Each structure stands twice: as C-alpha cells, then as structure tokens.
C-alpha cells in the first residue's frame, strides 16, 4: 500500500514538475517550427495589429523591488511596482563609469528622465513604455506608431540606407529571417533613456530587435543592445508582446507636450505686477 | 523524523483529548491520508487558525519540554486571566483595546492546544540561539537607527509596523499567532498553494513548478516563496526578504523553511526552520499546528480605517504645543 | 458626365503638373528662387484615359509612397481675382511674385532679420517639389473661391475666443499664449484637412489590410484610418486631429473625421467640425486630394477645396520639434529679461 502510494506520489510529482518546466522552456525559445503565423497578402508573417507589453520594464529593466514615487504628491499612484526584470542575466553590463552615471541619473530622475518632459522615447523603450503601439505592415515599409507622444518608427524593408543624421528614434532597416522580422537600428542620439531608473545609452547605440510571432495573439520580442561607450559587451532583453483583441481597438492621441508646458516653461511665465 | 512526527501527533492528540472545548478527533490507528485536490495535491484547503497560548520561547523558570495536561491548563488559565483583566474606566490605563469585551481574546475563539512549553523544539532548550558577532552588531545598529527616528509619536515612521498597518505577525513567514483574528484561508488551484492571512489581507501565492528564486534585487516584506510536495508534506522555502520586518531580530538574509502536513480533517501540523547565518549561530526550528475554524474571512481594511495612527500623532503634536505654550507662559512671568 | 469632364481637367492639370514640376524642380537646383518659364512638354500618356491605380497586395487602390501638397495656390481666391483658372502665364507670374517675396533678403543685424530665412536653407517652396495648379484658389465651392461667411454662432465664438486671448495677456507672457505650432503641439500639415505646411510639406502613406496610415512630416503626426465598419467614436474622446473613419468608394478613399477637440480652430471652426476627404490616385505621381469642411455652428453651408498631392522623394526625416524647442524657452526668457530691464530702468529713474 505504502509502496504504491510512494510510486504514485513520485509519478504525480514528476509530472507536476516536468510539465510546467517543458512548457516554460518552449515559451522562451524563439520561433520553433511549432507556430507559423498567417500571411499578409504579400506572403510575409502578419504582424499587423495593436500591441502592448505587460511588464514593469518602463520603471526599471533590471530586477527591482517595489518602491515609492519620486513625486510625493502622487502617493501610491506614482509608486514603482516590483519586477523580475527583462535583462538577460539580471544585470546590465555597464562599464564602471557608466554604472556611476546610471546611479546619478536615478538619483535625479525626476529632473532628468526625458519621458517626464514628453520627449520621444527612443528604442527599445518605446516598445515597453506601457502604452500601445500599432504595427502597419506594407511591403516596403513597416511602421510602428506609438501612442506615447505619437512617436513614429519607420522600418525600411527596401531602399535601405544608413542613418542620414542622428535622431531620437534611430534609423531602422528590416529584413525577414523565416518567421522573424529582424530590425537593425542605428543613428541614435544620446538623449533618450532605457527606462525610468536612469538606465541609458550613448549615440553609439546599436539595437537589433527580433519579432517572432509565437501565437495568434502574442509575439516574442528579443532585443540585443550594444554600445561600446557605455556597455562592456552586447546584452539582451526579451518579453512577449500582447495583441489588443477587443473590438474597435485603436491608438488614441497622447499629445503630451501640452501636459508638460507648465513644468518646462512655467517659471518663465510673466508674473503679475507687484 | 518518524519519532518527531509521532511526538507532535501525540502531543496534539493528547491535548485534543484533554480539552473540553475540542471535539476529540478520531483515534487513528494508521497515518491519516488527506483527500486530494483536482490536480492531485494533498488537500489543505479551508479556513484555519493558529491561535495558541503556547509561547515561541520557553518561559524562564520552565525546564521541561512538555507540560502535564494539568500544568498546560493552568498556564492557559493564567494567560486568560491576564487578558481579561478589567481596568478602571476613566483612567489612562483604560485607554486600550479590551479584547475580551469584543470577543477577540484567544480564549473566546478556537485555539490550538498544545502540551509543549514552547513552540521552539530545536535548540532543545526551547530558546532562540545566541547571536553571531555580526548579529550583535546589526542589532545594535538597528537600535541606533530606531533612536534616530525619535519618540514613538514623533512620526508615522517611528511607530510600530502593525500600528502603521504595514504588516502584522500573522503572514510571516513564518506564520505566527496574531493575538486575535488569527485566521487563514488556503486555496489550491492546480500548481499553486494560496495562503490568505486575515490581517492584513496578506496573500502568499506559493508556486509548485520548481521555478528558481528571483534575482537578489527583488525583495519583499514576506520574501518570495517556492513550494514542493514531499509525500504528504508541503515544503515551502522563502528567501528574498527585504529585512524591514525582522522576525525576532532576523535580517534580509533569513531563509524560512515551512512544512505543512494534514494530520486529520481538522488539523494541519505546521513546522518551520529559521536559517539566518548572519544573525544566529545556528538554525532553529519550531512546531505548531493549525486548527480548522469557521469561515468566511472578513476584509481587514487596516490602513483605510487607520484613525488610530492619525489621531495619536495629532494628539502628540497638540500636547507638544500645549507644553510649549505653558513653558512660554512660565518663562514670561 | 460633368464628373468625367472634371476628371479630364484634372488629368490635364496633372499633365501640366508633370511638365511644370519637372521644369521647376530643375530650376530649383540653383540659388535663384525664380522658377524658369514653363516649357512645353509631352502630355502624360494617361491624360484623357481614366488612370487605374495599381493595387496593394490586399486589393486596395495603392496610394503608398511619399507625397507633398506644397503649392503656391492659396486656399482662398486673392482679392481682385475673379476667374477660377489662371492662364499658364498668369500662374507663372503669380508664383514668381510669391517666390520673390519668400526669398527677399533682409538687412543683417536688424530686428527684421531675426526670422527663418527659408530660402537660405532650401526650405522655401520653390526649391522643393510643389504641386503646380492653374487654379486661383484651392477652394472650388463656393464658386467665388472663398470660405463662406461665418454665421452668428461662429461670430460669437470668435468674439469669445478673442476676449479669452486678450485676458490671457501678451503673446510672450506665457507659453500657452504662443502659437500652437511654436509650442510644437501640432502644425497645419497634419490637419485634417491636410494643409500646405509652408516647408517640409511632406507625407508618407502606408497601407496594410484594413488600414491607411498617413504620416505628416511636421510634427511626425500620424493618422491611422481604419477601413472597417466600426461605430463612430464616443463624443467624450476628442483629439487634435479628430478621429477618422475611412472607406473605399471605387478607387476613391473617402475619410470622414469628427471628434475634434476644438483647440486648433481651422479657419474659425469649432469642435463640431466634420471633414470629409477624398483621395484618388490620378497618375503614378499624383493623388487628387479634395476636402469638404462642414460646421453648422460656424458656417451655414459647407465648403470644398481641391489640393492635389504630387509624388516627392523619400525618406521622411524625424521632426523632433518639442525636444529641441529652444525657441520657446529663449523667447519667453527674452521677454522676461526685457521686462526686468524696463522695471529696473523705471526704478532707476525714480
């Protein structure tokens, strides 16, 4: 009786342990032969739709506990939720001086975070910033239209050139590798951040993103970043993109310039005569 | 291992048999096998209480590990008398919760009877082991930091964690008697054991899929718990504490190992081991039990109704103002 | 019948566009802003025969590419002009006069010199591709080429707006008093309706199944127009560019836009404005763009304009207006410094 119980329990435990492990491993793997996305009329994997991430990366891409808001008035509404992090290995491989700079950024984030000033978010922050974006896919161009500040990314699939000048959102050239859209972006300025915790880059940033459909409503989004002025080696991050499936989903305006004018220029307001 | 199990079972069953308030559980002639949940976990679900009169550490002057039933009763009676001692209305001493008046004291609810003189079973003297050198240093540092915060009524932050409605003794881990409302609800969907502690609606979701502990930078008040079944026993390991809620002086390096085993329809054996090498010279362990109680569990919206903290601080500030004004008057004479 | 005639006219105008645009863009390579005289050029082979646009992979008429609506034709017919079309010579003269005005040089060191010298940076219309048009106004209806008169409600609103502006103080008193474009919130090119932005009047159209996306260069404004039958958006959701819904009527994309927030009054319109745009590809390098504006709380009748788009070269560069808006900060700081100087002088003279 006891032996059978032991065997039964062991088998149950093994099943209970193995199955979730296998599922987890499969979920983290890039496009396996398992899922083949429906095609657009021109024969490419169809990435059209409105997408959004569900994680705390915009607060801090490294693992982090929950914490208070730097803006006292917002109380819990502006506080930071905990996150297990999206950086492969848990830690960004900063050069020592760069890690110091990140810490200074963090200490002064209320003043320095470009997101607060409604500046264009850069890449890949725009992806996980917490607002939806729409992928508009045609043969020559794949557009990523972000709700935050109406930020725009044009991915050139043909007529590819080098970045003509530095910009906030970089200059993106794309190609298909089987089921995966590979986007290679350079030509960044050094003014955007990677999150609200002061993680940053220089104008040497080079980002390679891989969008791989993993189911009808999810995409695996893998990113490799390198920046010889800031990081000691290339490093990766990964997360799912979730599709908006509600009827009539659409990107709405988040024209935030108006919302920050008082913050930026209020001190230049004419004061009433004393 | 077998001997310890038998010892606890014996202690608990003896206590159950001796207690008038308890329905004697059926005398078992072979180990109890808990019913199963839909996904085959031993079923721990239901409403439970760990309310007990047994202290964590053996009282000074007591040397034995187990009371006789009469001694146990006497100890309980003494504690009950202390709890329900009435104070003189209109005096400062009367400004406190009269638990017994609202039926909140332990004796008016279900509690776990135990012949043990302490919950701690290891070290055998029933006491928390000595501190390490680092442990002593940290304890002293903590005391100094607390002093810097000023008097208890100087600010919200200088108050106790429970008065601030941050966290109470019930959730742990390890889960301790909360003094009142010491209630839990366990729910087990596939792959997870959820433990809800009534105060302060704290929930631990214990995953059973073998995932690793998170990065050391992720720290929580209740740490992060990972569970697995070893036969009939749920073993839960918790690390990643943030150290802000020291358990008997523990720090952020504490690791708690809990063991839940259903002994009967109305009893779960609850054992825990504390391993915090920066604080104590050795790990230490305790044994208790959880008894089935009557649900449901009510919402405990502590912070939302925390007039106490607010009024206490207002009163302290007014008192200071009054004293300052009086000093001014005296000074101007 | 009449429709077909107009389409021929349009075709003819496009032929002219091709001929003149080619001429003008060649002339634009030089420093001189004055365009060369139009040369007779072979008419577009498509003229006289209805052009059929290629299809996108999902079967929509293909409007994709880079387009500009830069033009010298004003929205309203100039005072003193009564006819609907110039002769080619008259059109050339009008353009020449406008181009000369644009490239007029100011005396360095004077206050008048503190402005953008568009021609110096090649930003003026004549140095870029523009849509040539013999019309004397973009407005084709009413027949007089002018916006209809504002009705009583519209006038009242205009007065209220003027009063509000007055009580807000001088233009340099606060950022909110400055023009919306200077604040980098939105510029005319985005519309709708799409207006000539003055420079960088560029658009990119990309189509995917069920959507037409129009990117306006300044200020990287995007309208994503759904083509399904989703309901009108709720009235509480209001946007600077309103909310657009599109459908194909044959080869014409019809886009209706409502839900404006009223903060960017187009020629005095209110938040009740409704804009209907019609995009039809008329040649490989031209799109007919017509728009109708309705707002019964401002005008007692609708009005319609015809403002063609011509193909231009990509790509479109990022226009990070707000991120480098030193202009606003410096102007306000300057105004505050001026006031301080005046105040100190007053004190000094007391």
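Every chain is named by a letter (A, B and C) in the order it is written, and numbering of its residues begins at 1.
FYI, a residue touches a chain if its C-beta (ideal position, glycine included) is under 8 Å from a C-beta of that chain, and two chains touch if they have at least 3 such contacts.
Owing to the predicted nature of the structure, the values given are computational and were not obtained by experimental measurement.
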Grouping of chains that still touch (sans subunit A): B | C
{"item": "Of A-C and A-B, whichever chain pair has more C-beta contact pairs", "value": "A-C"}
{"item": "Closest chain to the centre of mass proxy, which here is the mean CA position", "value": "A"}
{"item": "Whole-Å gap between the CA centroids of subunit B and subunit C", "value": "71"}
{"item": "Distance from the mean Cα position of subunit C to that of subunit A, given in whole angstrom", "value": "35"}
{"item": "Distance between chain centroids, defined by C-alpha means - subunit A, subunit B (Å)", "value": "41"}
{"item": "Sites on subunit C at which at least two other chains make contact", "value": "none"}
{"item": "Subunit A contact footprint on subunit B (complex, rising order)", "value": "33, 39-40, 191, 208-211, 214-215, 217-220, 228-229, 231, 242"}
{"item": "Subunit A to subunit B touching residues, read off their complex", "value": "5-6, 9, 12-13, 16-17, 20-21, 24, 62-66, 82-85, 90"}
{"item": "Residues on subunit C engaged by subunit A in the complex (per definition of touch)", "value": "56-59, 64, 169-170, 172-176, 183-186, 204, 206-211, 213, 215, 219-222, 224, 226, 230-231, 237, 239-241, 314-318, 320, 322-323, 328-329, 332-333, 335-336, 339"}
{"item": "Residues on subunit A engaged by subunit C in the complex (per definition of touch)", "value": "40-43, 48, 114, 118-120, 134, 136-141, 143, 145, 149-152, 154, 156, 159, 161, 164-165, 167-169, 191, 247-248, 250-253, 255, 257-258, 261-262, 264-266, 268-270"}
